[in-house]
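Input: structures, listed below.
First chain A sits with chain B, and in the next complex the same chain sits with chain C.
Take a look at the complex of A and B:
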């Protein structure tokens, strides 16, 4: 499909068109940028670096009802994800889209997760390339991504100044492009080539990197290495690095009684950095300290996941580095892994 | 400002002592202007220690955060002391912890840092974005000096200073074994003007304000975990049977969480401001804590973390305690 252009003057009307779907876009809550459903196109805030909470929460909500139950009634009322309707996530960053394609492998592995997969099927991802890496701690290029990466996206938008270059990448993307056709014009000649040059420039501006070669194989050999004690010494055991990670996908399932005789089974994000995460009913905890938990976080992303799914479960978005209250830095830990003997 | 050489010399003496197993201080961070906690166990590691206005963390948290694992059969528990570097506000956390008998005074060695104020790292990064190389921040007179990438920038202290420092009553530690520099006189007082403004709002305005904040909470519990006063071994939030707080993340549970935490800190919060600093979604938690702090001071003339010999506020009763606010 030929590339199009979306004039910045027409962004509002294009978004208005998309509000006939469940439209999710970056928006401000006070000064914090989060993804949320918008009904007023004016709420969309596209001039942003990256969101604090990744858009994974749209396809994998922090809390979701699986089914409801009632005392004396053997019927379980299941959640119907279909009711959420067609969803468009507009303006997400390439790393966060790539993260979804990585997590898809888990949710469609030994058990096909109907909630997640249905939502993925209903969702079209309209990405926004990073002309400048949003953060000093971005390292997407070390993991096979790019500030202009297309993996996982249905449409890629590139900010060309007074307009966006619109490139449909999948069938879903082409459909959405058709829906928006009244607001689009033909892209100027040579524009895709120009975007490629901009991509190379943006990649060149990524300041941090890690050579991941050999890390997945090496990690299991460092089980008792002293680096884990040092890397975790300052850890507070909070959930920032995992909850704000676009590829972390652990969840807990709990029954909650809402009113007398009524309740729901719900699942919610869980974090391997919480002490309670591996706590057994006996009181025994196989990961008793933050050392084992930190080792698990890194090993899961960089060893267990690639062993099973052939891809590292990290996209280099830098959120865990930027937002850690005690400056625990995954790149520093990985460098120590590389150097360890 | 504390001289780094002097700090390291004292730290070297302390960590060389037979009765000290660990010294908790600060070291350079991995990027930009960040500093981070350092855990020193031998004299050779002392040279990584620093102190600067970038040393924002309250290290008192680590005294109660360490996991206590069962000692393997045949081994003795390591009962040696832990040494910790504290600024004025941080020292109040030690005082309050000891008031509550979290540990005995002789378990710790306190290296007090008379503090001339720390920066708000968000303000620094907004002013100088995308600095990767390890930069330094120093205070000279009434200016912060930022050195990075061969540049030297001067910024008036007021513009980068953390808000909590602007109303700090106790810049010099209230408990210490050694003071690393000359005492710093109180350079500001807390008039609670921010809280007075909040109190003027109607209930509807307050609710709209907090609804926006609490609805974006992701319950990462960084505010709880960083808090030096949140050290219950069995936190009410982690309890499953009975489950006092649901794991669901929604406005109702989030509100319950933050209100419960604020109440548990009434008469205990020592205003280090760490909860608000670490919150990834910028919930102004100190507004809740400061409201209680103000109430406690006005009602009982009590300031938490100022007198290790005094009993905790909620463990005292006086017949003339005010009760006119009780319905």
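Take a look at the complex of A and C:
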């Protein structure tokens, strides 16, 4: 499909068109930018770096019902995700889209997760390339990503100044482009080539990096290494590194009983950085301190996940570095892994 | 495809205590409330299920019956936390919910023609029980069956009647132990790893399966090695806190292995170099 352009003057009307779906876009919320459902195109804030909370919550909500029940009634009423309707995430960053394609492997492995996969099926991802790395701690290029990366996206938008270059990448993307056709014009000649040059420039501006070669194989050999004690010494166990990670997918399942015996079984984000995460009913905890929990967090992302799913479960978005209250830096930990003997 | 998070309702046919005390063990014999579930249900010894009550929660337990026992499933559950306490309040005629079968199974097909030694301690006999039952129901496919089992006291022994029956019918040779001397106890007094050395089974054409408390497993593994068993002749089951049971929620991993999906059954060869398996 030929590339198109979306004039910045027409962004509002294009977004208006998309409000017939469940439209999710970056929006200001107090001091930070988050992804939320918008009904007023004016709420969308596209001139942003990256969101504090990744858009993973759209396909993997922080808390979601699995089924509802009524005490005394054997019938369990399964949550119907279909009701949420067709969803468009507009303006997400390439790293966060790539994260979804990584997490897809987990949720479709062996047992298919019906809630997650149905939402993914219903969702079209319209990405926005990073002309400038949004953060000094971006390192997507070390993990096979790019500020202009297309993996996981259905459409890629590139900010060309007075307009966006619109490139449909999948069948879903082409369908959405058709829906928006009244607001689009033909892209200027040579524009895709220009975007490629911009991509190379943006990649060159990524300031941090790690050579991941050999890390997945090396990590299990460093089980008792002193680096884990050092890496976790300052950790408060707050779990923000995992909650705000676009590839972290661990969840808890809890039952809630409301009034009159009506209740639900729900799942909610959980974190391997919490002690209760692995606590047995007997009181035994196989990961009793933050040392073991930090070791698991890094090993899961950089060793266990690639061993099973052939991809590292990190996209280099830098959130865990930017938002850690005690400045724990995953790249510094990985450098210690590389240097360890 | 069926939603793997939605459990089946089961009706309790029979509920009885195996052992007394604060951490008592209760065995439930159940059948599906909807008889049609039996048409699609098939499990093998070693496999597990999430067992619970909507409004309370669910936890993973081994299915302690063999598929050769038709018309019911068995679960032997120790009273430990919130969910198991709620389950213990249930009696025949009540119902709870089951999601499964989950996890892998003991490779009983591969073990055909071999001598099988089970080494259990306490509630660890629950996953071994379906192995024993399976062999009894396919007796000509296997060699000698040696059952080694111990618990703290004679009252703490699970499946007491079955051991007696097993010994008398000649299907297996049973060796029982208690930790401390009791008046009238005719069998071994001491720990399971010591009893294993007493019985001293030959590793030739043999498979050893051991389940029990971690400290017992540790010494059983050492003693099996002394007896000449190689790591690929030794099997055990692992357990960890679980939520989904289907390899998504993350927490049950030991190293790169998910206990819920890759286990609960592992050969010692598979896990001996994974320190977290013994954490």
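The rule we apply is simple: the second predicted complex is superposed on the first by the 341 of 341 C-alpha atoms of A that agree within 3 Å, B and C clash if a C-alpha of one lies under 4 Å from a C-alpha of the other, contacts with A are read in each partner's own complex, and residues count from 1 in each chain.
The rule is short, and it goes like this: a residue touches a chain if its C-beta (ideal position, glycine included) is under 8 Å from a C-beta of that chain, and two chains touch if they have at least 3 such contacts.
Values in this document were obtained by computation on a predicted structure and should not be read as measured data.
Contact with chain C, but none with chain B, is seen for A:307 once the two complexes are overlaid on the shared chain. In the superposition on chain A, A:107 contacts chain C only, with no contact to chain B.
Once the two complexes are overlaid on the shared chain, A:227 sits clear of chain B and of chain C alike.
In the superposition on chain A, contact is made by A:249 with chain C only, not with chain B. In the superposition on chain A, A:30 contacts chain B only, with no contact to chain C. Contacts of A:179 after superposition on the shared chain: neither chain B nor chain C is touched. In the superposition on the C-alpha atoms of chain A, the part of chain A touched by chain B in one complex and by chain C in the other spans residues 252, 254.
Taken together, the chain A residues at the contact with chain B in this complex read 29-32, 34, 52-53, 62-63, 135-137, 207-208, 230, 233-234, 236-240, 243-244, 252, 254, 256, 266, 268-269, 271, 274-276, 288-290, 321, 323, 325-329, 331-332. Against chain A, in their complex, chain C makes its touches with residues 1, 3-7, 9, 33, 54-59, 80-81, 83-84, 95, 97, 239-241, 243-244, 246-251, 253-256, 261, 274-276, 279. Those residues of chain A that touch chain C in the complex are listed here as 66-67, 69, 71, 74, 76, 78, 106-107, 109-115, 220, 223-224, 249-255, 257, 261, 263, 265, 267, 270, 272, 277-282, 286-287, 292, 296, 299-300, 303-304, 307-308.
Residues of chain B that touch chain A in their complex: 29-32, 34-37, 39, 57, 61-62, 65, 67, 69, 129-132, 212-213, 215-216, 218-222, 224-226, 238, 240, 243, 246-250, 274, 277-278, 280-282.
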